[in-house]
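To keep things simple, chains are lettered A, B, C and D as they appear, and every chain counts its residues starting from 1.
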Amino acid sequence: MQLADIQSQHDDRNLYIDKVGIKDIQYPIVVKDRKNGKQSTVAKINMYVKLPHNFKGTHMSRFVEVLNNHRTNIGIESFRGILDDLKNVLESEESHIEITFPYFMEKYAPVSKLPSLMDYECSFFGSSYKNKKDFIVSVKVPVISVCPCSKEISRYGAHNQRSYIIIKVRYKGMIWIEDLIEMAENSASSPIFSLLKREDEKFVTECSYENPVFVEDIVRNVADKLLKDDRVTWFEVSSENQESIHNHSAYAEIVRDKR
Amino acid sequence: MQLADIQSQHDDRNLYIDKVGIKDIQYPIVVKDRKNGKQSTVAKINMYVKLPHNFKGTHMSRFVEVLNNHRTNIGIESFRGILDDLKNVLESEESHIEITFPYFMEKYAPVSKLPSLMDYECSFFGSSYKNKKDFIVSVKVPVISVCPCSKEISRYGAHNQRSYIIIKVRYKGMIWIEDLIEMAENSASSPIFSLLKREDEKFVTECSYENPVFVEDIVRNVADKLLKDDRVTWFEVSSENQESIHNHSAYAEIVRDKR
Amino acid sequence: MQLADIQSQHDDRNLYIDKVGIKDIQYPIVVKDRKNGKQSTVAKINMYVKLPHNFKGTHMSRFVEVLNNHRTNIGIESFRGILDDLKNVLESEESHIEITFPYFMEKYAPVSKLPSLMDYECSFFGSSYKNKKDFIVSVKVPVISVCPCSKEISRYGAHNQRSYIIIKVRYKGMIWIEDLIEMAENSASSPIFSLLKREDEKFVTECSYENPVFVEDIVRNVADKLLKDDRVTWFEVSSENQESIHNHSAYAEIVRDKR
Amino acid sequence: MQLADIQSQHDDRNLYIDKVGIKDIQYPIVVKDRKNGKQSTVAKINMYVKLPHNFKGTHMSRFVEVLNNHRTNIGIESFRGILDDLKNVLESEESHIEITFPYFMEKYAPVSKLPSLMDYECSFFGSSYKNKKDFIVSVKVPVISVCPCSKEISRYGAHNQRSYIIIKVRYKGMIWIEDLIEMAENSASSPIFSLLKREDEKFVTECSYENPVFVEDIVRNVADKLLKDDRVTWFEVSSENQESIHNHSAYAEIVRDKR
């Protein structure tokens, strides 16, 4: 028996759909790693195509088939192939993929040099249009920020807190996730670590007290680096400081198109 | 003793900041209600201004002061005043406010007519620039969607699930939150309710089975209504169907600028 | 036409169900307020009953009806009535209700005395059994914690962060939400505020630096107060310090039954 | 220079702390897999010890060191070693570890037999006391549930939705995560899949319509299997049905101690 193909029926509302597909599928993936070659992690993935006005629906199962074919090698450069496959198997002229995953880097405590892993939430956003492709890399980097105002006006101490810096870039040539993480960590009061012995804690405390930054300073410090980096053609940088003296965050954001 | 005003110091990195302010402050607010005049609810609020390149920082406490002054009357029309106040007290030429809150409507079960409350997540996004203002209203509406393919190919039954329709609009004249909620509810297989007696459940089951819709149909149905509504100048409509046969969602999105 | 009552049919698996009901319904409620009499807020609510082994199902719509009847007056003392109503209308010998909501208190900045609102996540957990009732109040209180080790070993500064103290108590007589919030705020390095002017920020910075506490100290400080309070018959206190030098939390928990 | 060891100082409040340690550290781990031997995934981990009344604080960095030593082989049987290590290096008589991670199983669509991966949220909870150990495995399994009442009273169709079944067990001998997942999937209207072609969708729709279950039936079906399984000594099973006709869930829970 032939089952009816409702999705391929004609639709006469004359409305193309910008994006249609699957959202929030969780899948194990293998991503490129600057130091170790490859890294196993787990991603949340969205995949969409454009649907022409005359088709009633898309074929959702084919998105999962494309994902199955590529999941053992997800990287900035393999995105081109995934986007092309989506266009082909879904017979569409535009395709999109968004993927978010924790990425781990081995870091060494600043004094004891003990190793541990830090986690960073990373995302790739890729789109393929008729005559162009678009690709954005995003990293979310936890750091410590010490408040310059609090330090200046107080006889001792200074409030500080965990901040999350998000950097999104469009670029030409090659950029590693690790490059962006390092830019963020070098723009705050101090990087942070999973494992710190007492001598390391002393170092991070003193170092961050010597480098107080407002949320405004953080995004300006990152923006300054991104403006000077010729690979970067567009960026959006934000920082959310989870203020220890409030129950809300301080936030700043800079967007620049260098093209 | 005069405390140093670090934020007002000069910054020489020559970088203006697009948005700086406070994020995720939770506050009780009172919003306009089409039926009852006013409604008490609780909001998450972000407030930002643009910071000129020559200032080191903004004054975060003033954002909370502006919020304190307006919180007993938050509505589409009072946003203008909040945005102007932010520009004035923070000496900026651009201001932004984003506010998200649960909004409740009394609904009557379709057969028994018993009343209960439904919750909808609503947002207002407002911006004030040098020579223009921008304002977006957003509603997130839970509905039921029955799959037309599953209904057609199966001898009996059809998989269905909760879907969330999000409508964002720019408009001229007056639009009520309730107007957008009703558009969404009329574009799915059936509206849903907090309280249904057996006769109501029978009604919703049969009604939704008679009106199967793909995620594509939902966004097209809403888009069709928004295109015909002359008040609407721009919209983005999406639907996320939390597929009962998968552990991920089906998703579709239409954006149109009518200006 | 009489619709079949499937839920009331006989079940022969001989298994009673500990809890059955509705979960995560969002509803506007009015709660008692020590200062202002009443406060409007929005709650997430779970309501359950015990189901005897011989019934196939419970009647879910009746839970919402009970909620409708009580939502304009939710308080520690009205819980008894809700629990009794659940037992009656659902013909069960045990009932449970869990309710979580943001609760707001007006606070005055320590030096400028400017007012603003702080939000605290509060919960009530109530159960009614054949011959006894059980009731727990819970508050989640954000505070600032300065690390004593970091202060001691560093030449200047000390890492600090936002911490969340959760206090749950069983008690006799009367306890206000506000009493528990104050116990938590007095057990950390300093309370925190939504609105602080520069002179207040100086005060909070210096005060918290003068009162460094480990996560262990926080829970011991609270436990000490709860042990000495004769109204409290059982408690669980925890603190989660969102360490500014790590991307994870430090955590401590003390449980004591004084009965 | 010798840095002061504040944590080891004496505390005279005479209060032992039930649990102290680190919470919500994200780490890549390798877990045992029934089919493939091993599986790489990413976990959120909590690790605690009991702190005697006379110590001021614990040594947080040692928790991360223990985690580093074990992360390439996390399994039900290796928990004993982690718990022992925590007791030793933190000089405590009680230790606890809680670990939650997505676990993936390859499943074959029911008719087309096409393979895809399903994700299940799994947890291990382990505790080591003076003279005993305690260990709980938990799985969270998405399934489809068709409402028997809706089917019975309606002329056609029946509302259905995604449900999440959580099974927690204590046991003797050996139980695989996969065993518990299969018990859950066999207790609902139908298992669900990431990838379904049209013939599979027809099968799942019809199969689930033929097997309607209330949330009460789901937990009774699982409980029945767990009561008959001699390996299981204690269990807690719950199901949360994300009702497609409401914006809240139906919930049921059964707990039994067979010891």
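Keep this in mind: contacts are C-beta pairs under 8 Å (C-beta built on N, C-alpha and C of every residue); 3 or more make two chains touch, one makes a residue touch a chain.
Note that the structure is predicted; figures quoted are calculated from it, not measured.
Between the interfaces B-C and B-D, more contacting C-beta pairs are found at B-D.
Where chain A touches chain D, the two copies mostly use the same residue numbers: shared numbers make up over half of all numbers in play. Centroids of chain C and chain D (each the mean of its C-alpha atoms) stand 25 Å apart.
Spacing of chain B relative to chain C, judged by their CA centroids, is 28 angstrom. In whole angstrom, the spacing between the mean C-alpha positions of chain B and chain D is 35. Annotation for chain A: residues touching 2 or more other chains are 3, 25-26, 119, 149, 153, 194, 196, 198, 202, 246-248. In the complex of the two chains, the chain B residues touching chain C come out as 3, 5, 25-28, 39-42, 61, 64-65, 68, 102, 104, 114-117, 119, 194-199, 202.
On chain A, the positions that touch chain C within their shared complex are 118-119, 142, 144, 146-147, 149-151, 153-162, 190, 192-194, 196, 198, 201-202, 204-206, 208-209, 242-248.
Contact residues on chain B toward chain A in their complex (touch as defined above): 3-4, 6-7, 11, 13, 15, 17-26, 46, 48, 51, 56-58, 60, 148-149, 152-153, 214-217, 219-220, 223-224, 240, 246-255.
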